[in-house]
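Same chain, two partners: subunit A is paired with subunit B first, then with subunit C.
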Partner chain A sequence: MEKIFECVDLCKTFQKGRKRIEAVKNASFSIGKGEIISLVGESGSGKSTLANLMLRFLKPTGGEAFLDGKKIEDYRKKEYWKKVQAIFQDPFSSFNDFFSVKKILERAIKISSYPSPDPEERIREAVEAVNIRYEEICDKKPFELSGGQKQRLMIARIYLIKPELLIADEPTSMIDAVLRAGILELLLKLRGTTIMLITHDLALAYYISDRMLIMQNGRIVEEGEPQKILEAPEHPYTKKLIEDVPKLSEEWL
Partner chain B sequence: MNLKKRAGALNKKLLIGAIIFFVILIVSFAYPPFSKRDPLEMEGMMFEPPSSLYPLGTDNFGRDVLTELIFGTKTSITIGFIAGSIATLIGTTIGVFAGYCGGNTDNILNTITNIFLVIPPILILIVISVSIQSRSILIMSLILGITSWPWTARAIRAQAQSLRNREHIKMAKLNGESLAEIIAFEVLPYLASYIVMAFILQVSTGILNEAAMSMLGLGPTDTVSLGTMLEWALLFESARIGAWWAFIPPGLAITMITFSLYLANSGMDEIVNPRLRGVV
Partner chain C sequence: MMLEVKDLSASYVLPEGEIRAVDDVSFSVDEGEILGIAGESGCGKSTLAFSISFLFPPPLRHVGGSVLFNGKDLKNFNDRELRKEILGTKISYVPQSSMNSLNPTRRVKDIAFDIFRAHMDISEKEMYERAKERLDLLSLPESVLNMYSVELSGGMKQRVVIALSTLLGPELLIADEPTSALDVSSQRIVLKELKKLFKDGVFKSMIIISHELIILKHLAHRIAIMYAGELVEVGETERIFKEPLHPYTKALIGSVLEPGKRVEREKIPSLPGAPPDLREKITWCRFYDRCPFADEKCKRKQELVERDGRLVRCERGKDI
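Right after this comes the complex of A and B.
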């Protein structure tokens, strides 16, 4: 499989006064084109830090990362963000409350590699694609929307930009359980875009991904296809994670 | 129910503060152009008690206290307003960049802020004032403004820091927006209410500092302000003589203005800050 992204010994150490926090330690992995890869680990294991490194919000303290074989620092940031985009977890701070939905999506279109003669038509299509009626929300401000609607709009934004790689950092962890399936379904409609799904939910990762990375204390401790990870986990931490999902081990194994 | 009642009470604070302030503002700005009296003209005898000719008596120079009071209030509010604007502008700029950018930018700006915070402002004021021969309203305002911004910078920095990790800011970055765009559209709107509140407090600080400076003999030189009225009342021992009309009116005016501004500010604070309202 053709690689779209690769990390080699990526490290990030935070210095807080005299305390050193090694949030990411020598992360090495690659992502294939079109793949859905998940990054699973408990809260605090360094998943978001790794995502921030991949998104160039943070500079690594060691190691390198490549997009399409080119070092990520060698892209101009705007060029990079055309290709690599993200969805975050907190629907309550995800949009600027002072702009209307229409304005927010217009601003997102600016970075898209696909200029269009009729931006509003494209925004309408993207919004309808996430099952929201455009007229209903186009003039609303984010604080007037529900968490689920905002999370859908986040995905509409991705439909507009059509990145090559999408990093979704716990996209469903802060919304109602009943809405999760719908959101995930919309994410999966992005087939064609490579997705890295970050989650602490092993069951979810198992369902959705082609390959899984297990992260513990800043280190990627295991990697493999979901079936293999669940049936024959090698690392003790992976085994512990599986045991912590009782339903999963009873019903599906 | 209870919440609604509270909101009503809050609005009352802001409302009363705003009404008192605007009444003072309107009287002191609308009256002077029509006044037949010059506040600096020495019409009567020293410390004449209130009469029909001098409703609030005369001061040590025989000037009409009521006319002085109205003109002086105008001067003091003007100084407070300009000084407050300067302080808010500097403080907000430094606070936003320090808080939002973090890292080395923050270290440098924060060090500068701390240096200004630990030097007593009155010291800087005295040094600047004595080295300038004549002090106009504008010079006074400038001096007061550039010495009182640090705590605004402090307050705004803390607020900007709390915004840094909000996701819409990451989104804006991912849209390829520039630092200027992010600060203008993603940061400042969220800080607007804090900036307004800081401004209100800075105006009242400016008015108080003008009075303090004037009482040290470092006030504006070519005009009458509430501070210079107190200065002369102090120098000519009006309190010992029993000429209460020379110091009570300007003292009361300063108190009323700052009180109304603090009241308005605290009302706003409770509206903006839900924790103070007991909602969260």
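Right after this comes the complex of A and C.
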């Protein structure tokens, strides 16, 4: 499989007075083109720090990362963010409440590599692709929308920007169980886009990913296909994560 | 019967109209029972939770119905009496955003002391001892008492809130989405601790509210499913999971993700659309627009009726 992204010994250490916090320790992995890879671990394991490094929101304190074989720092930031985009956990703070939905999406087209002579038509398509009626929301401001609608809008924005790599950081953890499946479905519709899903929920990762990375205390401790990880976990932490997921048929509490 | 809720209705009265968030809801909780309430955001389950304690902070207003606690009608208490005699000591509440419900400028022990002072007259030393004991039950070290909430992790904060809510040994605990902000590992710890408190008799009964049906499966004896302000199905947990009668219950159970139960990716069960706008008066089945089984018969008022030892608000029932 053609590699789209690669991390080699990526590290991030935060210095807080005398305290050193090693949030990411020697992360090495690669992501194949079109793959859905998930990064699973509990709160505080360093998942989001790793995502922020990949998104260039933070500078690594060691190691390197490559997009399409080129070092990520060698891209101009504007160029880089055309290729790498993100969806965040909190749909309520993901948008600027001063702009209408239409404005926000127009801007998405503007920053993408795919400018359009007729933005309105493309916006309509994208909004309808996420199962929202365009007329219903085009003039609304983000604060007038529900959490589920906002998360859908976030995905519509990704449809318009068409990044090569999408980093989805806990995209469903603030969303209802019944709406969660709908959001996943929309993510899967992005076929062709490579997705890195970050989640604490092993069940979710199991459902949608081709490959899983398990992260504990800043370190990637296990990697493999979901079926293999579930049936034959090697690392004790992976075993614990599997145990912690609520199950329908087994005793859990 | 410890708690009996009869035809309870509550509305948010706003300039643009009235939103009936809790509509004619009736149910009961026995002593020694855990009742789960499930439903999606905006279905009124949190509003129901504080309507039970009969506090109606504006713009929420009590529209009708009553709440009997151990036979006493809460309507007969004014707000001061409620706070003094019922809340905390008889009915206690674990709020939804427990993450933000601890005052960041005060130490955990000071918050605990406030709770004691509001209800009883005991020495500070005894307050400290009692708070320490309760933290210990929740597997939290004594040092937590001297900490500020910002020094605690999410899972610990949640356990501290539970410890504080149960300080006065309430008879009924209402836990509103106690784990929705936690990761799976902390979620399991918190729920285990809640179950332990229940088994140890710290509280006698519990109402637990969640949109994750799978959590309720492991905790609740009975489950009430709420949709758009109404209860649509009430029954024993086992039976609801084995044979859900209402189409909405089916959809909720279908949305449970579980590793090992690998469905084709393209077939992840989901429920299209959104619940109806509660500002409008709906006289027929409220699930009509989203129901895969809806037909002309459903365009009339659906009553909550007993069938197979369960309450269900769907006359189609068996044929779907």
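Just so it is clear, the second predicted complex is superposed on the first by the 246 of 253 C-alpha atoms of A that agree within 3 Å, B and C clash if a C-alpha of one lies under 4 Å from a C-alpha of the other, contacts with A are read in each partner's own complex, and residues count from 1 in each chain.
FYI, a contact is a pair of C-beta atoms (placed from the backbone, for glycine too) under 8 Å apart; a residue touches a chain by one contact, two chains touch by 3 or more.
If you're wondering where the values come from, they're calculated on a predicted model, not measured in any experiment.
Visitor: Tell me the contact category for A:110 with respect to subunit B and subunit C: first, second, both or neither.
Guide: In the superposition, A:110 touches subunit B alone.
Visitor: I want to verify the contact counts: of subunit B and subunit C, which reaches more residues of subunit A?
Guide: Larger number of subunit A residues touched: C.
Visitor: Touch test for A:71: subunit B only (first), subunit C only (second), both, or neither?
Guide: neither
Visitor: State whether A:177 touches subunit B only (first), subunit C only (second), both chains, or neither.
Guide: Once the two structures are laid over each other on A, A:177 reaches subunit C alone.
Visitor: Just subunit B (first), just subunit C (second), both, or neither: which does A:85 touch?
Guide: First partner only.
Visitor: In the superposed arrangement, does A:242 touch subunit B (first), subunit C (second), both or neither?
Guide: Second partner only.
Visitor: Just to be sure I read the superposition right, which of the two partners does A:191 touch: subunit B = first, subunit C = second, or both, or neither?
Guide: Neither partner.
Visitor: Where does A:140 make contact in the superposed view: on subunit B (first), on subunit C (second), on both, or on neither?
Guide: Touch partners of A:140: none, neither subunit B nor subunit C.
Visitor: In their complex, what parts of subunit A are in touch with subunit C?
Guide: Touch list, subunit A to subunit C: 42-44, 131, 146-148, 176-182, 184-185, 188, 200-204, 206-208, 226-227, 230, 240-242, 244-248, 252-253.
Visitor: Which stretch or stretches of subunit A touch subunit B in the complex?
Guide: 55, 57, 77-78, 81-82, 85-86, 88, 90, 93-99, 107-108, 110-111, 157
Visitor: In the complex of these two chains, what residues of subunit B are touching subunit A?
Guide: For this pair, the touching residues of subunit B are 166-168, 170-177, 185-186, 189-190.
Visitor: What part of subunit C is in contact with subunit A in the complex they form?
Guide: 40-42, 153-155, 182-188, 191-192, 195, 211-215, 217-219, 241, 251-252, 255-263, 265-266, 268-272, 274
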